[in-house]
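Below is one structure, written out as structure tokens; the observations come after it.
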Amino acid sequence: MLLENMSYVEVQAYLQEKDIILIPIGSVEQHSPYGLIGTDFITAEAVAREVGKRIEVVVAPTLPYGMSQHHMAFSGTATLSPITYINLIKEIVSSFLEHGFRKIIFINGHGGNINPVKTAFDQLKYENKEGIYAIISWFLLKEVQDLVYDLFGDKEGHHATPSEISITKYLRPEAFKIKPKLEKDIEKPNTYWPLNRYEFKNIYPDGRMESASWLAKEKYGKIILEEAVRTTIEEIKKILEKGVNNE
Amino acid sequence: MLLENMSYVEVQAYLQEKDIILIPIGSVEQHSPYGLIGTDFITAEAVAREVGKRIEVVVAPTLPYGMSQHHMAFSGTATLSPITYINLIKEIVSSFLEHGFRKIIFINGHGGNINPVKTAFDQLKYENKEGIYAIISWFLLKEVQDLVYDLFGDKEGHHATPSEISITKYLRPEAFKIKPKLEKDIEKPNTYWPLNRYEFKNIYPDGRMESASWLAKEKYGKIILEEAVRTTIEEIKKILEKGVNNE
Amino acid sequence: MLLENMSYVEVQAYLQEKDIILIPIGSVEQHSPYGLIGTDFITAEAVAREVGKRIEVVVAPTLPYGMSQHHMAFSGTATLSPITYINLIKEIVSSFLEHGFRKIIFINGHGGNINPVKTAFDQLKYENKEGIYAIISWFLLKEVQDLVYDLFGDKEGHHATPSEISITKYLRPEAFKIKPKLEKDIEKPNTYWPLNRYEFKNIYPDGRMESASWLAKEKYGKIILEEAVRTTIEEIKKILEKGVNNE
Amino acid sequence: MLLENMSYVEVQAYLQEKDIILIPIGSVEQHSPYGLIGTDFITAEAVAREVGKRIEVVVAPTLPYGMSQHHMAFSGTATLSPITYINLIKEIVSSFLEHGFRKIIFINGHGGNINPVKTAFDQLKYENKEGIYAIISWFLLKEVQDLVYDLFGDKEGHHATPSEISITKYLRPEAFKIKPKLEKDIEKPNTYWPLNRYEFKNIYPDGRMESASWLAKEKYGKIILEEAVRTTIEEIKKILEKGVNNE
Amino acid sequence: MLLENMSYVEVQAYLQEKDIILIPIGSVEQHSPYGLIGTDFITAEAVAREVGKRIEVVVAPTLPYGMSQHHMAFSGTATLSPITYINLIKEIVSSFLEHGFRKIIFINGHGGNINPVKTAFDQLKYENKEGIYAIISWFLLKEVQDLVYDLFGDKEGHHATPSEISITKYLRPEAFKIKPKLEKDIEKPNTYWPLNRYEFKNIYPDGRMESASWLAKEKYGKIILEEAVRTTIEEIKKILEKGVNNE
Amino acid sequence: MLLENMSYVEVQAYLQEKDIILIPIGSVEQHSPYGLIGTDFITAEAVAREVGKRIEVVVAPTLPYGMSQHHMAFSGTATLSPITYINLIKEIVSSFLEHGFRKIIFINGHGGNINPVKTAFDQLKYENKEGIYAIISWFLLKEVQDLVYDLFGDKEGHHATPSEISITKYLRPEAFKIKPKLEKDIEKPNTYWPLNRYEFKNIYPDGRMESASWLAKEKYGKIILEEAVRTTIEEIKKILEKGVNNE
């Protein structure tokens, strides 16, 4: 059920029965010396594709680039401005609306995307577009957070977390052969948010945000991913029950 | 401590000691037949000005117009597009930053403003602006919500709520002489969000969102406002403790 | 007749009879050490609200923030860019047009707003919007200027004028308790316009533009305000006679 | 002294002595059945080039396209949106500023350009650009208006005027061989401004605005052009006396 | 050498030696009933990753969404507006420039991307950004076109070509199990370009543009991909010889 | 057949028979010490107007300002940003489309305009506008290039070429009286493209790009212009055969 592997004829047939599409979004940003630059879109893609397979819904191509301005002091990060990201999301949604999709759900792996994606939804509604738009950030789902707390306690932190790194380790073990294994200190600075790139680097010098990234393990990744898939499906079911009232 | 009543010389003097400013924001939107179109900015202004007086911080002029696209099917509502609102907030913050303010706190009376205001903060940080930016929505503060629940239970709802109408009734009793007093049904539709203007009107035909607006009373308004002021001050104190790390 | 105190039901009833709305606009900018940062919106609001009361037309919430780039070298000034201000004005007008208002009149207290507001009108017409749009700057009305000349002669100047400060003194006497009373020189530089913030400060070091701000008196404020109200009403009557030809 | 005929080496030499440049702007819009679509830029170009020759200042290439939205119901009109026109003017000014020009004067033949050009100046100053920017609309100069009144009285009107058509007739007599010579009624509707394309056509069905276009004569064109050149030079001299204070 | 699998520490190390990065871009658009919606990014990604492996240069995450407005009449297509796409490309390039990359090469699988990508390069240079930016469209490389002509002659066409479908068939054979195998007519309309979505559908009713998509074979895909990789490497070598003159 | 000399009534009559319009575009940019700043629009205008005369099609006013960012280090150059130029082109095309023109052909004298003009066409089609849009760059036409090669061989170069200077010499001989006649070296740097203004100046210090500008002669200009006119007419005939399919 990957849109990228379908023809338009197959999409037309799908739209006879369903009007839901999942769109994985993430970021291209540093995840400390321990994690992958692609962590956020790799995890979101894995969740979305497994969900798509289980409940038989179409999954659009993954949009890897996101809003990562605060990580720009670390090499390899690529960020869109919030306003460009809004326009990007808006035009992708508009495209799918034109074909008849009415439940457009972003599966998100990156906190920095949430504000602009929600504002893109507002802008679409300002332009009188119809339909249900949602963003599900797997790492914010309560059941996932409970599981992660059981596994890592307060060492999970907020960026380059052992949970997200565990998933990527499970999915791409070979990429971790040259990542460091040393433990570092965990600082808990009393700071504000959002930070610009210089403020961020000053407060979080190696890119972690209060996380013990080194605790990541493949076996944890497998169960966290499973829980993310399961609860994302629950969320989608709730959305599907709402129908689209304006038709 | 109203900026509008100060001269630039007085602002310079203030900036020798403090670098915090409060900016009340709200909306110009229908609040059912029971409430005032200005409800959101009237309440935010009242909270901000009382806070400003108690803790001696400058309060900027109130920005009444906000992001209210979903209420446009009701006469008298005026909305900005999310993108224009982002630029507006961004330029107001930039202006105050130029003078040396470093803690810029929006006191908000309207849920629809939250996404674009937060995205404006992101955009400012993308442009490498420094300083602490925050939005405090008085109606989302936990203590306020607890008090409101005690007063109205699940009849509070989400728009044209008895709590916000109580505050405006307390502040502007004369405006309520010609408002209706009849009770109506409270519908609890299982709907999605955001809605466009037509979807909103279809689901919430008289502009209320699950709220018993008619329960509003001046005396409730007085105590809710007091609680909003008190907890907003608590929030501001927490922000002040964070300092600005990049200086 | 304040829109902010009405419900949408009352606006609907009003629109059965009239399609005119007044919108006070001003600025948040320095007005020398003698005057208030809010001078321009305070005066515009006072004129608009008194006009609204006398001729029974709706007055929208005051938009305090305006185009004040040239005053940014003085603390406390907040400016919008001309392009953002155009979009802001355009979207407010568009909102009121959607409800059926067809005579949309800005009551203006700040010269810097005139170009972008007029350009916003052009942009609305470029987008084929119908209706009458007008901006009445009370301080540019001939009768007001005649009165002011009688009172202050060539000491009126162009910014932080004794006339506008007189009105604010009349309206908010308490704010003037700590303003200076000393007289200064009145320079008449042969300069060009517009100026940027650095050029402005260089030419007008204390923020006055050829004005004897200290001549302001409450009693003058009262009669200037009355004349501004009276002649604004005359202007509005002329507009109302024009009808809207395209309906 | 036409920029288009110079090499950059010659411009460099010029900038050693002077920092003024004239830029003719007009419109591509209907001028009734009697006048030329190019009227506004043809007249502005003629004024600017003759001025440039007499006082030896550089004249930039003519920008024919302007803000003519209200004439779009008449074939052959081409309009820019006000916002695009602002950006266009802004970037042309910015370009000349980069080379060291500091007195940038638009010689204008079209009323519809005035608001966006002035707003472009505001935007440039908002962006802290230095220098003197001016727009001289030859048809608004008092001496020109006096002469035109002597020639045509109240039959001059406001668009496709006998004065502007006289100048083009003087400059391009051959283009008038197939233009009509019949007289029509002169209507003086009590209307508002600005109008959109449909409102305009409705009120001014043949494109004239209260003007007796047929009164245009080559001989009048010659003397009006001469007066426009003479008074434009006076205006420029006043500007040159102001210097640029910020250097 | 996939950026997504690296940490920022590894990117820093890479930048000590090289300053080149490849960015695969494509489209999400119909490719007739015979081909995959993801064809353009799947092929570009395959070329870029193989090139990256052979010459040891970093490959950024694939940007699947592109400028596909002309295919929007076919279900499943998602298009960005040209202006949003320009901003997107501009911000990705800007991000990599900030880290020290100076040779930024887009490996492109879609003709519709070329104009906006080149305009984004122009806009970056307008903003005075330094470095080499290039777009290599594998299907336009002469050697590739020669090979394709040998294989398919004039049945290659311009969209949903047997060559690009061959590559995807080679890479994702399983996706072709349910694609049709019937042959259709090949029309050669004498048309213009660009077309909007309705014009396109009218002229090319099943989405092919003069191509015999059914001629695609896995074995052809393998050799075309190899030739695309080989000649792309040649192109990159030419670029590397140019150095960056401004450092 | 110059639009600027027509009335709207004459345009209406023309549109009864034809729906084609030519728009000359060029640039205001340095052309070495040997050539004119207006070279690109002077040549494009000459080609377009002669073509218009011969095949009796309307020619719109010349747009002299173009996208010349790379020449900004040389005095007298004026550039638009690519994005503003896109909007400008888009709005001119939109204007002519509204009147019924359906074949809108830009006659171009400047390479830097090509990317943004083509992207403007894409943007118009994205907005579902109909009709044929084309850009004919006379200097890129094969027959013209063949002739130029016969005349100048590899001394033609890429900017301030003897061919374009020959045409302007033929058209405006008086402007060349004070241009230098000395020969210089011809460098053939192995560089990349596009360049920003500093990179360009560094590589091409006197503004020529590998060209022997001094070889320009009036007599060459005459025959090159003739060939450009002749082959442009051929191109237009090909376009006219394509019709507009969507009507």
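Residue numbering begins at 1 within each chain, and the chains themselves are lettered A, B, C, D, E and F in the order written.
Basically, a residue touches a chain if its C-beta (ideal position, glycine included) is under 8 Å from a C-beta of that chain, and two chains touch if they have at least 3 such contacts.
In UniProt terms the chains read A, B, C, D, E, F = Creatinine amidohydrolase.
From a predicted model like this one, the values you see are computed outputs, not experimental measurements.
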{"item": "Fewest touching-chain hops separating chain C (Creatinine amidohydrolase) from chain E (Creatinine amidohydrolase)", "value": "3"}
{"item": "Any chain in contact with chain A (Creatinine amidohydrolase) as well as chain D (Creatinine amidohydrolase)", "value": "none"}
{"item": "Rotation angle superposing chain B (Creatinine amidohydrolase) onto its copy chain D (Creatinine amidohydrolase) by C-alpha atoms, nearest 5 degrees", "value": "120"}
{"item": "Reference chain A (Creatinine amidohydrolase); chain at largest CA-centroid distance", "value": "D"}
{"item": "Candidate from A-B, E-F or A-E with the same interface as D-F, over half of contact pairs in common", "value": "A-E"}
{"item": "Most widely separated chain from chain C (Creatinine amidohydrolase), with each centre as the mean of CA atoms", "value": "E"}
{"item": "Cα-centroid distance, chain C (Creatinine amidohydrolase) relative to chain F (Creatinine amidohydrolase), in whole angstrom", "value": "48"}
{"item": "Computed distance of Cα centres, chain D (Creatinine amidohydrolase) from chain C (Creatinine amidohydrolase), in Å", "value": "30"}
{"item": "Touching two or more other chains - residue numbers and ranges from chain E (Creatinine amidohydrolase)", "value": "79, 81"}
{"item": "Sequence of touching chains round the ring, chain A (Creatinine amidohydrolase) onward through chain E (Creatinine amidohydrolase)", "value": "A, E, F, D, C, B"}
{"item": "Chain D (Creatinine amidohydrolase) residues touching chain F (Creatinine amidohydrolase) - in the complex, by the definition given at the top", "value": "2-12, 15, 28, 30-38, 41-42, 60-65, 72, 74-81, 84, 87-88, 91-92, 95-96, 98-100, 172, 175, 178-180, 207"}
{"item": "Footprint of chain E (Creatinine amidohydrolase) on chain F (Creatinine amidohydrolase) - complex, ascending", "value": "67, 69-70, 79, 81-83, 86, 112, 115-116, 118-119, 121-123, 125-126, 128-130, 132-134, 189-192, 194-199, 202-203, 239, 241-242, 244-246"}
